[in-house]
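One chain, chain A, links the two complexes that follow: it is found with chain B in the first and with chain C in the second.
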Partner chain A sequence: MLAFVARRLAFAVVTVLVAVLISFLLVHASDTTPGAVRLGAGATAADIAAENARLGWDDPLWQQFGRYLGQLVHLDLGTSLIDGRDIESDLAARLPVTASVAVLATLLSGLVGVLLGVAAAVRGGRFAKAITTSSGIALSLPQFWIGVLLVYVLSLQAGLLPATGYVPFTTNPGRWLDSITLPVLALTVGGAAIVARTSAASMREVLGAEHIRTLRATGTPEWRIRYVHALRSAAVPVVAVLGIQFIALFGGSVIIENLFALPGLGQASQAAASSGDFPALVGVVVVATVVVVLVNLLLDLVTAALDPKVRAA
Partner chain B sequence: MNRSKKLGVAVAAVSALGLTACGGGSGGGGSSQSAEGTLTVAFDADAAPTGYDPLLYSQGQFTFFGSMYDALFETDTDGVSQPSLATGYTNSADNLQTTLTLRDDVTFTDGSSLDADLVKANLDRRTDTDLTAYGAFASGGASEITDVTVTDPQTVVITWAAAQATPENSLVDTQGAIVGKDGVDDPDSLETTPDGSGAYTLDGDASTRASSYTVTKNADNWDADSWSYDTIVFTVITDAQALANAVVSGQADVATILDPSTIDLVESQQKTVSVGGTIVGFPVTDKTGAINPAFGNVEVRQALIYATDRQSLVDDLHPGARATSQLFPEAAEGFDAALDTEYAYDPDKAEQLLADAGYADGLEVNLTVLGQPDEDAVAIQAQWAQVGITLNFITATSTDQAFAAVSTDPILFGPFAVGANPAGFIAGVVVGGFMNLQQAQDADISAALGASLGTTGDTQEQALTQLNTLLTERGWYVPVYEDFTYAGYNADSVQEPSFAGTNNYLVLSAIQPA
Partner chain C sequence: MSAPQPLPDADLLAPDKPATEPARTRRVPAFLRRPGGALGALWLVVVVVGSLTAPLWVPYDVTTQDLANRLALPSADHLLGTDPLGRDLLSRIATAGSLPLLSSALMLVVAFAIGLPLALVAAERPGRTERFISRATEVLLALPATVLLLAVIGIVGNEIPLVMAVFGVLLSAAVYRVMLGVAQSVRQRLYVDAARVDGLGSLRVNVRHVLPAMGTVIAVQGAQLFGIGILVVAGLAFLGFGPGEPAPSWGFMINDASSHLFDGPWLLVPSGLVLALTVVAANELADALAARGGAGAKRRSRKQVRAAAAAAAAAQGESGSEQDAVAQPVPDDAVLAVRDLRVSVVGGPDLVTGVSLTVRRGTVLGLVGESGCGKSMTARSLLGLLPDGVAVSGGSIIFQGTDLVGRPEKELRGYRGSRIALISQEPMVALDPAFSIAAQLTGPIRRHRGVGRGEARTIAAELLRNVGIVDADRILRSYPHQLSGGMAQRVCIALALTGEPDLLVADEPTTALDVTVQAEILSLLRALVRDTGLSVVLVTHDLGVVADLCDDVAVMYAGEVVEAGATAGVLDEPRHPYTMALLGADPHVPDGEPVPERLASIAGTVPSPGTWPEGCRFAGRCLFATDACRTPFPTVPAHGGGLVRCVRVEDLALHQISWTPEEAGAETATTAGGAR
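Right, the complex of A and B next:
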């Protein structure tokens, strides 16, 4: 197991480095420069050139990349070209917003999806068809459309929940929950649908496996067969789907954050991209990559714990 | 337990299975729900995208910056510039010099005090081309300042390049905002730290750039009693639907600027307030024929005005807007209702004018667009085609090309607002700015502009009316419609907010609890 963890950790570090390198190169491939962004439209070419030189933009790429990696080692993401703000402080304030929505939506998707999927596999018949059909419909609905609908019904009409805004957990836990409930629900509909389909298919397959028949033959109670033995075996693909789900939710937060006016990483990345704020943009990529890689690592470990064959692979 | 709490608890219950990453950060944006003593204002765009130097921004940003900064003069709800840091002024007989008297009880967040040296130090930043607010004060600007002299600690004399009969209209809001000594000495510090003397100070811990800004009242401020709220939270909601949702569902007390498509929703449950002042139309950049020889003829330029069916455009595409044949909005001094009748849609007259100018067979006009032409331009293309004018859309492949259109196309298209100082706008933009890079001359327009800038009262109003008339008559601008700016407000929490006269920004200090 230790060797497995070491391999996954090394892979995670390489993944982060590659992501940083790609974003770094993409920034350098753009048709503008940090000097031009920092000095604005009124700057002369000479001023821009001088500012680029001051910022080290003219240095060899490997030197710039080395400097940036050195900063990262010290957890320093630099300062914004636009307003000089400290990027890691800004992103540290935004990360909990995006993370809390993504984590809650993933957990809720998992819980609802597994319950529905297992029920469909166990009960079969019309119930299974209903789950399959309704999950198909849910999967076809765009998240933003679900969000708009939820806002209209639960906020604008019923007045149950706030339509926009974010309240930090530390300020008021109850209002924090209120503020993220609609975004979480909007993301959960599609997430739960795909988890339900995956867990139903996996559960059906496992319930027909030989070792399950053996367990039945030995008189193991049916509930134990279903919810301990079968569910554990069926969980491996479900965990994989949940991992992908989290990554998709975390990385694709721009639309939902705009719709609900949440001050998260998606909003920051959109602002950084539209203003050409290179350090802020790369900072968002770094933070998002690290989070995604860490979650992947965690999921790998969970999968390995569930399935010994994975550890041996 | 109310329904909201029940739902919250339900979600909490199902999400309690090992939630580990939900401990919100210290920032993360302030609360957006109204509390006693707190005003929440939602903007459709970031209020401070390039930091906290108010001089980097146009007048419309004063709704936000007015909380943290005072200005020499500030626009009231009637659109009149009122004394603020300047207690008053006197002008020389020729209106070339203005002597300002300053308050002596003003302190900035850096601890410095307001005095004439500080005002001079602020105004001397006018050579910095990044300072949008000072564009008119810079060399060649509409209100060019040639010198600022300190005569005593509370008196400063401003010398203008051209007569300024109403200098308070130039030294107002962001243009008149005064930054403290530390901010002036080190403008880069303003990127992260405001340095104003306003009634509020920024609460950095409760603010997240581009998302929300929280300011708290400075009880020691000289003008603190004029403001109603202890705390103001400015939230940024760029999605038009979300902005409307915020005011409808009560997360924002005031939301501005509302997208026209959301007005019905807001009005169905809350209230709105609107102001005109934005004229959508075609500035004629080629008045000499240098780009398109046809445009050297005033008849051709007039033909564009007669060939535009403004009313159908408004009826079909912009219900609530007002068809207009003049650059000045209905509420501005110099507006003349007769112009809308005189220059109403008349395709026969347009054809006749084209024929008189030697273009009976029609002409081609290029208009550069970034991306797709908007629906207005497409509709007008069809209207102009009926009188023989072919409007060609040239798709810009870069923003540089789009901006360069002022030199390559005979006309532009977009929304323009003359604001509280129409003569200043004409001087700085229409005659002396990007709408006239050819530096076309018209003696009558110059005379009317000079009179508008150098007179006051009825004389100035007459001059402005003449100026407005000439801009249409000489075809310097092809107006289409006057657009309206909407703000939504929660009538349960605030009284009806007011715009700054005909300007499309709200007077923050005038917002009162319901």
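Right, the complex of A and C next:
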């Protein structure tokens, strides 16, 4: 078990390093330079060259990379080229917004998806078909389009929830929940559909497995076979899908923040992408990767708890 | 009979049977016959053709503004209405299509161009190469793609095709994952092995044998990823990263709609619907392609199964076989008496017909025959554990005086484990991998014997010791994957004994085990019968096991019992040609006799259910068949209380005819037995 955790931890560190390296290389493959971004359109070539030299842009790549890693260890992501603000403190304020939307959407997707999927596998027939068909459509719908629809129906027509804006949890928990309900729902439609499909398929497969027949042959009650034995085996691929879904929903959250005017990482990366703010871009990538990797690490532990083979491996 | 050895099974008896591959050449592709697949393909064709030819047919220029007609609903002038600047939506949507379609296609090409070769290489070189590539792709998969793509845009600008090519690189990891699994399983197929042994180069093996077999999966994944690509392009455009105004894009039209929800909610419909339908179409196409493989096996609803069970219950009273008009009486010491059992696929052919068996208290009945002759179906029906879509459709299963056919599931559950127990064929998969052995044993012990947790554990350890496990405590703490096959089968036997059953159904309990372990398990079963008075129905295709363990034997062929009686009688003086043939094809050599130069073989294969001939079902393969065999005939009593189902039984006995290699005259006979 300890070896398993150590290996997953090492994998997490490598993943973050790769993310930093990729974004670092991308930045250096660009034909603009941080000096040009920082000084704006009016600057002369000489000014830009001087600014680049000051920022260390002309140093060998490995030196710059090493320097950045050194900063990273001290949780320093540098300063923005545009307004000179501290990137780590800016992102630290934004992360809770994106993370709470993505985490809640993942949890809700898991809950709704497993309920629907298990019901489909157990009941079979027309009900299962309806679930398969509707989830096939739901997972194909663009999240931001669902978001706009939800705003139209739930806030403009029904007036139930605020359409845009964000209230921090610490300010007012009730209004915080109101402000992130629509974004979470918009992400959950597709997420739950994918989880439902996976858990239905997985549950159906397990229910047909040999060890389930053994349980039947010992006279085990059906509810116990389904919800204790089959569900536990079927949960392993579902947890794996939840990990992938978290990555997807995190990305989705970045996109629909724009729609709901949530001050999260999405806005930050959108702004950084439009302005070519290199350190901010790399910073967002680093933070997003760390979050995604940590959540997947947690899910690895859940898998290990469910599957003794993983624990031993 | 010396050491128990398996009979050659049907595949080996058959003359070189070609590997059955799913038919690849069909006029109308199967995926187009499903409505989802056909509609999906049609919509994609419409969207692709419509978008690529948009400049030729759209009614308005995409930038032509008609400010008097802002946010108009559909009309004859503007079929899909207009946007906030009065521009024609149909023209803009059609024109906007080519960017997402083409850049998603580019993304697909990149993803497969990287992922597929990597998968082929990794499948060819398991070990270090495979591990390295797999780890690297795992890292790629763990990256937050959306944020990375935004970073790419920040660096290269709004070059959507380039951004999607980068996305293709990220997705190649997903392609690799799926393709590796397929490539590995394809490479394990015999014909790929054969091609390699024949000295075909690695590239040609891949191109000629591996890639074609991966076609369906490639198509399925391609369609799915294409849908994802469309969504990503639209998502980026929604954020404003796409062709800038006034050029149209699907994503930005939705963004536009979100700011006009008050004055023009209709705007949300056309762009969103075209986008959503395109992705739905891609996914439906993927589903239809994926379903193509499993099209043969039709799933049956539970209602149908229940209806069949009800029909079985109704038929129970009046059932009478065409062939065995006189039902055999049930002897007093019978634990189990099966009479005229019929098992069928619901709404399909019979799998087992007219089977009658009797198991006396404290004895072992062997059910023997080639693969696919209905032994397992008969055995499973005893516990009411037939697979989905298969049901008992006639006859009776009288267990300790009660007919189990047609009993409700709840009542049958009361029998399972506590009165009739099962040992299955594959001990390695028969135990729940997620639970410890202790948990799996104590559950049934507590339920069957009504004892507490602690006592149940003591009983579990005792049961394990009874089945010959020395370090019971260690095994109790283990999980199934930590056990060897023989150990797992002992645990399964212990599990079967938790409810102190009267009848044990053992479905080929030693088939999956090593020869030495087989002998141990058999002697364990023998000891259990001797010591506890247990009765056993033993399904096997191994005549050695029958000789070793069984008091009575029933030889099955094509869903019916062709010969039954006391083991000694049936094996020493077989009356039915099929029994003779089985014995002739058996590679066992009695002690002190010379090894025969060649074994007899049985030409042909067991006819599959639904294709059984009238009269004797073995006639097509029988050396002694005559015209009389092709019409129905009654069974003949034999071997004391047994029977033989052969119309020529008297003739054969009279002329002392037996099934010998010379008569069989099969050239492949020597290999048939030796292969196992």
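Following the convention adopted for this analysis, the second predicted complex is superposed on the first by the 308 of 313 C-alpha atoms of A that agree within 3 Å, B and C clash if a C-alpha of one lies under 4 Å from a C-alpha of the other, contacts with A are read in each partner's own complex, and residues count from 1 in each chain.
The rule is short, and it goes like this: a contact is a pair of C-beta atoms (placed from the backbone, for glycine too) under 8 Å apart; a residue touches a chain by one contact, two chains touch by 3 or more.
If you're wondering where the values come from, they're calculated on a predicted model, not measured in any experiment.
Per the definitions stated earlier, placing chain B and chain C onto a shared chain A by superposition produces a clash between them. The larger set of touched chain A residues comes from C, when the choice is between chain B and chain C. In the superposition on chain A, A:A93 makes contact with chain B only, while chain C stays out of contact range.
Legend: residue contacts after superposition of the two complexes on their common chain; A:T220 is shown touching chain C, with no touch to chain B. By the document's definition of touching, of the two partners only chain C reaches A:E210; chain B does not.
Contacts of A:L26 after superposition on the shared chain: chain C is touched, whereas chain B is not.
Within the superposed three-chain model, A:D58 lies out of touch with both chain B and chain C [touch as defined at top]. Legend: residue contacts after superposition of the two complexes on their common chain; A:G136 is shown touching chain C, with no touch to chain B. With chain A as the common frame, the single stretch of chain C that clashes into chain B is 61-69; none of the other options in 61-69, 223-231 or 475-483 do. Residue overlap on chain A between its contacts with chain B in one complex and with chain C in the other: 148, 151, 156, 258-259, 275.
Listed in rising order, the residues of chain C touching chain A in the complex are 36, 135, 138-148, 150-156, 227, 231, 234-235, 238-241, 251, 254-255, 257-258, 261-262, 265, 268, 272, 275-276, 279-280, 282-284, 287, 299, 301-303, 383, 385, 388, 409, 413-418, 421-422, 424, 426, 429-436, 443-444, 447-448, 479, 481-482, 492, 495-496, 498-499. Against chain B, the residues of chain A that register as touching in their complex are 39-40, 42-43, 80, 82-86, 89-90, 92-97, 99-100, 103-104, 107-108, 111-112, 148, 151, 154-156, 158-172, 174-178, 181, 184-185, 258-263, 267-268, 271, 275. Of all residues in chain B, those touching chain A in their complex are 3-5, 7-8, 11-12, 14-15, 17-29, 31-33, 42, 46, 48-51, 129-130, 188, 191-192, 208-212, 235-239, 241-243, 245-246, 248-252, 265, 269. Residues 11, 14-15, 18-19, 22-23, 26-27, 29-30, 124-126, 136-137, 139-145, 147-149, 151-152, 156, 208-211, 213-222, 224, 229, 232-233, 244, 247, 250-252, 254-255, 258-259, 265, 269-270, 272-278, 281-282, 284-285, 288-289, 291-293, 296, 306-309, 312 of chain A touch chain C in their complex.
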